[in-house]
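Right after this note come the structures.
Look at the two complexes coming up: chain A is in both, with chain B in one and chain C in the other.
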Partner chain A sequence: MKIMQNILNSIKPHFEEGGKLHTLYPAYDAFETFLFVPNHTTQSGTHIKDSVDLKRTMVIVIIALLPCLFFGMWNTGYQYHSQLTSDMEGYQSIYSIFDHFLFGFWKVLPLIIVSYVVGLSVEFAFAVQRKHQVNEGYLVTGMLIPLTMPVDVPLWMLALSVIFAVVIGKEVFGGTGMNILNPALTARAFIFFAYPTKMSGDKVWVHGADKIDAITGETALGQLATLTNVDPSNSEIINNYSLFSSDGIYSLYNSFIGTIPGSIGETSVIAILIGAFILVFTGVGSFRIMVSMFFGGLSMAYIFNIVGLENNLFMSLPAIHQLFIGSFLFGMVFMATDPVSAAQTNTGKIIYGFLCGVLSILIRVFNPAYPEGVMVAILFMNVMAPLIDHYVVEANIKKRLKRIKINE
Partner chain B sequence: MDVRIYKGANIKIKGVADRVYANISKSSYYAVKPTDFHLLIPKMVVKVGDYVKAGEILFFDKNNDQIKFTSPVSGVVSDIVRGPKRKILKVLVKSDDEIVYKQFEKKSITDIDRSIIVKDMLNGGLWPLIRQRPFATIANPSDKPKSIFISAFDSSPLAPDNDFIFHGDKELFQMGLDIVSKLSEGTTHLNLDGNSNSAQSFRNASGVQINNIYGPHPSGNVGVQIHHIDPINKGDIVWYLSPQDIVMIARFFRDGKYDASKIIALTGSKVKKPRYYRIVQGMSIKSIVDNNLYEGDKRFISGNVLTGTKINEDGYISYYDFQITVIPEGNYSEFFGWLLPGLNKFSLSRTFFSWLSRKKEYDLDSNTHGEERAYVVTGQYESYFPIDVFPVQLVKAVLIEDIELMEKLGIYEVDTEDFALCEYSCTSKVPVQSIIRKGLDLIKKECS
Partner chain C sequence: MDLVNIFIKGVFIDNMIFAYFLGMCSYLAVSKTVTTANGLGLAVIFVLGITVPVNYILENQVLKAGALQWLGEDFVNVDLNVLSLIMFIAVVSAMVQLVEMIIEKFSPALYSSLGIFLPLIAVNCAILGGALFMQERQYSTIIEATSFALGSGVGWYLAIVAIAAIREKIRYSNVPAPLRGLGITYIITGLMGIAFMCFMGIKI
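Take a look at the complex of A and B:
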C-alpha cells in the first residue's frame, strides 16, 4: 500500500495546477480515490461523517447484481447446450453445470468489458472536458446494460447504445444525479428501437439460435404475444399456451428458477430476489418502490384475469406467473429503484412504483409489438416522477398553510 | 403532553463522560466570543488594558444597544483578537485570583414583573442566554414570544447528562422557571426525556407545562420539540433556553451578581478520563485537557460532534455549549476503504458489516469517508428528520435562493442543528447545515 501511495504522490505534481498534465487531473483524481479513500477531514458542519459514500453504495448494487450475472452466464450455456441435442434429457449427460457456466462466461464477459470500457471512456472524457470529478454512477449502469441484452447482441451495437445512454441519457443533463431517465434503460430502449431485429423475435435469445433449426428460442413474452387476438379453439394456439402449464418450458417453476430464454440477467426470479434482499437490507434500494410496483403489477394482472377476454389468452395467464416472466422483477428491483430517476419523496415512491407495475402489465398485454412493457413503463414513469413529487410536496405546503388559517 | 419521535438515530461513539466531578486548576484566561452569537456585530466598550469586574460590560450589539455582553470574571482586558476585515473574534480577560463581582440589586420574584426582569437581565448581561426561533439568534427584548421552550435533556452524541448535573438543585431551578415564565404570556414548556428517570428538579417543576419526549436524537433538539408541541408559523416567535441558563438567571436575581459558572462535560475518545467540570463561562480548555489526552492528531470541539465548533487545544468554550469533545483527526488515506467489509466502520446504513455488532461503540474520527457528490441516494434525510418538512426539497430551494419556496416548505420551523443527522448520514457528503444557515440568513436579511 505504501509503495502505491508513494507512486501516486510522486506523479501527483504533474496533474496539479501548473503541471504538464493538469487537464487530466479528474482522471488522476478518479484513479487515486479509487485506490484510496482520501485523507480529507471535515471542515464545516458535522465533525464526523458516516462511513458510507457513493462508491460504497454503487458497490453494494453491483454485489446485488452478481447472482443475476452468474445465473445469466450459466443459463446462456444451459440454453445453448439444451438446444444442441434433440433429446431433451441427453444433454445432461454430455454437459455439466460447470460447462454451462464456462460457456456462458466466455459469451457474456465481452459484453461486460465493452460496456465498461466504452462507458467509462465517455465518462472520463466528459469529466476532463468539464473539469469535474468522475462520478461513480456508471459502475452500476455498466453492469446493468449487458444484463438487459440478449447474449448475441453485436458488440458494436452494444457500444453504440452505451455511448447513447451516457451522452444523451446522462451527460447532457449534467452527469450522475442530474439525469431524468434511467441510463441503463435508455441504452436498452435505444437498441430496441434502432435495431429491432436484434432485440426481438425467436432467433436472438439463445446463443446461435439463428444457426440451429427447429428450436424454441422464443422468450415467454414473445410466445404470449402470439396468443392475443386468436381463436382459442385452434389446436396450435392451445399447444402454445400449454407451454405455460406446469410441464411446459415456461412453467411457473422454470420461470422461478430461470431456465428459460431471455435477456442475460432477467430470467431467474431466485437470483433477482437475492439481489432485492441485499438492496433492501443494506438500505440502498427503496423497498417502497419494489413493494408497490409488485402490487401494482399483481393487481393489473388480476384485473386481466377477471376480465379474461376469450380471444386473448395472454390475459388469462395467472397473475403471479405474469410477474415471474419477462423482465418485470428485474426492472422492479434494479431499474425502477434507481434513486435519481425515480420519485424522491416517500409517498411519491409508492405512487410511482404502483403505476410502474400497472403500466408494465398493461403495455405488455395490450401492445404485443412491445412484449417488454416494463422498459417503456419505467421510462415513462421516470418522466412522470417529478410531477408526482410536485404534488406530494404541494400537499405538504397546503397542510402548513391550513395550520396558519386555523390559528387565525 | 407526550411526544414520540420515530425518525432519528443515536450515533454509537466512544467517550461518554463518567458521572464524576473532576477538580481543575483555575484558568487565567477567559474569552467572550462575538462569533458565538449568530449574526452579531459587536461594538466595543472596553479597550485593551481596562479593568473590568464580573458583570461589567465588554461590548454591546450594534443593531440593538440594549443587548450587552458582560465579563464572566474580573480582571484586565488583555487582548481583542481580530480576524479578516478586522472582525472581532474574541475578547480576552486575564482573570484575578479571586473574582470580584459588580453588585446588582437583589430581587425576590414575588415583586418583579416582566419589564423589570427584562431590564435587569439586559443590564446584567444575561439577556443573550435567551434565543429565539426562527433563526436561532439572541431574542429581541421588545418581541412578545408566543411560548418559551426549555429542553431539559440533550440527546446529541456524548452530551452531558442533565439529570446528573441537576441532581439536588431544586429550589434555584424552580425560582428560575418562575422568573422566565413571566417573560411570555403563553405557555412555558419544560421538555423531559421520556426514556429516562428525569431528575426531581425537572419532574417536580411547577408553573410550567411538562412534556415527555420519547425517541432517539434529535428528540432533544428544541426545534423538533417546538414542531411537535406548538409549531411555528410565519411571524411567530418562540424563545428558548437551556436548563443551566435558568439556574444562572435565578442566581443573578437571588445574589445580585453575574455568576457565570456552569457545569460542562469533557468527552470523546481521545480523553483519558472523560469527566464533568465546574467552570466559569468562557474558560480556556487548556487547564482541563492538559495531561488528560491520548497521543495522536486530535480535533478539539466546543459542543458535540454534530453541531460543535472546531477550536484549538488552548481554545475557549463557547457561550451556549456545555460540552467539550476531543476526537481523533481523520487525516489518513485508506487503501480500498470503500470495498472492504468494514467490520469496524460505523454506519447508519447497513452497507458495512459493522451491523453485525450492534452494541459496540466506535472510535469515530473526522475523516469525511469519501468526497462530495451530487445527490443520488434519496430517502436518507427523511429517516433522520422528525419534522414534517421535506428536507431535500428545502435544501434545494435554498440552493436556488427561492425565498418564497423556502417559506412555503417551512424553513421557519427548522434550524441547522436539526439537519445535523442528515449531514452526518449523507452519502453524497453535502454540507447541509451550512446550506440551511445560508437560507436562514438570506431570509433574515430580506425581512429586516
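Take a look at the complex of A and C:
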C-alpha cells in the first residue's frame, strides 16, 4: 500500500493544474480516492463530520450483494452439473460443492469484468470530458447488472446494455444521484426488449441449455406462465403444476434455498435475506420500502388466491410461494430501495413500495408476455415516484396550514 | 365489467402518449410544473369526455353508411364517411368554445386557473385521436365510447403529471448544456415509454 501511495504521489504533479496530463485529472482523482482516504478538507460552510461517505455506502451495498453473488456462482455450477447427469446419486459423487462453485465462478466472472470495465470506461470518459469527479455510483450498478442476467448472455449484449444504462439512464441527467430510473434496471429492460430471445424462454437460464438437449432450464415463472388459461383436469397440466408441490423442483423449500434455475443473483431467498439484513442494519437500504413492498406483493397474491379462477393455476399458487420465486425479493431488497430513483419522503416510500409489490404480482399474473413483472413494475414506479413525493409534500403543506388556522 | 376493462385499457395499455404519441406538443410544452400540468390534464379529460360521446352520436346517426335511414328510405345508401374528419374537427373546436364559455359564465375561478389551456385543447391531437379511435374501434354503445374517452383522458393526465413531477425533480440536475430543456424531456419521455411497456400485451 505504501508503495502504491508513493507512486500516486510521485505522478500527482503531472495531473495538477499546469501539468501535462491535467485533462485526465478526474481519472487520477478517482483512483486516488478509491484507494486511499483523501486529505481534502472542506473550505466553506459547516458540514456534518461523518466517516460514511458515498463510497462507503456503496461498498456496504456491494458487501450485501456478496452472498447473492457467491450463491449464484454455486448455483450456476449446480444447475449445470445436476442436469447433465440426470442420475442424482451419480453427480454428487463426481462433483463436490467446490466443483460447482468453481464452474460457476469461471462463468460469472467474465460478466462482472465486462460490466465493470465497460461501465467505468464510460464513466471516466464522461468525467474527463465534463470535468467532474468520477462518482462511485457505478460500483453497485456494475455488480447488480450481471446478477440480473442469465448466465449465458453474450458479453457484447451485456456491454451494449451497460453503455445504454450509463449514458442514457444516468450521464445525460448529470451523473450519480440525478437519474430518474434505476440504471441497473434500465440495462436489464434494454436488453430484455432489444434481444428477447436471449432473455426469456426455457433455453437461457442454465449454462449450455441452448446447445445440449438434455438441459432445460425453465424458470419457475416461465413454467407458471404456461399454466394460465388451461384446462385444470388435463394430466400434463397437473403434472406441471405438481413441480410446485413439496417434492417438485420448484417447491417452497427449493425456492427458499435457491436451487432453481433463474438469473444469477435472484434465486436464493436466504442469500437475499442476509443482504437485506446488512442493508437495514446499516441504514443504507430503506426498510420502509422493503416492508411495504413485501406486504403489497403478499396482499395482491392473497387476493388472487381468493379470486382463484378455475383455469388459471398461476393465481392459486400460495401467496408466500409466489413471492419466493422469480426476482421479487431481489428487486425488493436491491432495486426498489435505490435511494436515488425511489420516493424520497417517508410516507411516499410506503406508498411507492406497496404499489411496487402490487404491480409486480399483477403484471406477473396478467401479462403473458412478461412472466417476470418485477423489473418493469419497479421501473414504472420509478417514473411515478416524483409524483408521489409531490403530492405527499402538498398534503403535508395543507395539513400544516390547517393547523395554523386552528391555532389562530 | 366490460366498461371497466375499456377504461383500464385506455389508461394504461393504449396510453395516448406512450402507445400512440398523440398530444405530444402540449405534453412537452406545458409540463414544466405539476400545477399547470394538472390543470391541462383535467381539461383534457373533461373535453375528451364530452366530445367523444357527441362525435359518437354524429357518427352513428349521420356519418356511417346507412346511418341516415331515419330520414327516410331514400337515404339508405348515403355514405358520408368522407366527411368524418372535418366533422370531428368542427365538433371538437365548437365544443371547446362552448365549454370555455360555459365555464367562464358559471365558474370564473376554474376558468382563470385553466387560462390559455382551454382554447389550446382544440388543437390537441389526443382529442381528435380519441374521436378517430372511437370510429375505428366501433364501440357498441355510447356508454362504452364515453368510458374509452375518460380512460384515454386519465392516461394522458397521468403521463403529463408524471413527467411534470420528474421535470421538477431534475431542475437542479447537472444536465449537459446541449440537452437542457426539450432534449432531456424527449429522453425522459423515451425512458417513461420503457416503463409503460410493462402494460403492453396485458389481456383483460
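Throughout what follows, the second predicted complex is superposed on the first by the 391 of 408 C-alpha atoms of A that agree within 3 Å, B and C clash if a C-alpha of one lies under 4 Å from a C-alpha of the other, contacts with A are read in each partner's own complex, and residues count from 1 in each chain.
One rule holds for everything that comes next: a contact is a pair of C-beta atoms (placed from the backbone, for glycine too) under 8 Å apart; a residue touches a chain by one contact, two chains touch by 3 or more.
Treat the numbers as computed from the prediction; the structure is a model and nothing was measured.
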- Message: Between chain B and chain C, whom does A:383 touch in the aligned arrangement: first, second, both, or neither?
- Response: second
- Message: After the superposition on A, what does A:186 contact: first (chain B), second (chain C), both or neither?
- Response: second
- Query: Counting only touches as set out at the top, which of chain B and chain C does A:337 meet: first, second, both, neither?
  - Reply: neither
- Now for A:359: first (chain B), second (chain C), both, or neither, which partner does it touch? second
- Scan A:368 for contacts with chain B and chain C and give back first, second, both or neither. second
- Task: Considering only touches as defined above, state whether A:79 meets chain B (first), chain C (second), both or neither.
- Result: neither
- Greater residue coverage of chain A in the superposed arrangement, chain B or chain C: B
- Touching A:178, do we find chain B (first), chain C (second), both, or neither? both
- Indicate the residue numbers of chain A shared between its chain B interface and its chain C interface, in ascending order. 174-175, 178
- The answer for chain C against chain A in the complex is residues 34, 161-162, 165-166, 168-170, 173-176, 179, 184, 187-188, 190-192, 194-204
- Please name which positions on chain A make contact with chain B in the complex. 1, 4-5, 33, 35-42, 44-57, 59-60, 133, 135-137, 174-178, 281-284, 286, 288, 339-340, 342, 344-346, 349, 393, 396-397, 399-401, 403-404, 407
- Residue positions on chain A within touch of chain C in the complex are 130, 132, 168-169, 172-175, 178, 180-181, 186, 189-190, 193, 359, 363, 366-370, 373, 376-377, 379-380, 382-384, 386-387, 389-390
- Item | chain B residues within the chain A interface of the complex | 11, 13, 231, 233-234, 299, 301, 305-308, 310, 325, 327, 329-339, 342, 345-352, 354, 364-371, 373-379, 382, 388-390, 392-393, 408-410, 420, 423-429, 431-434
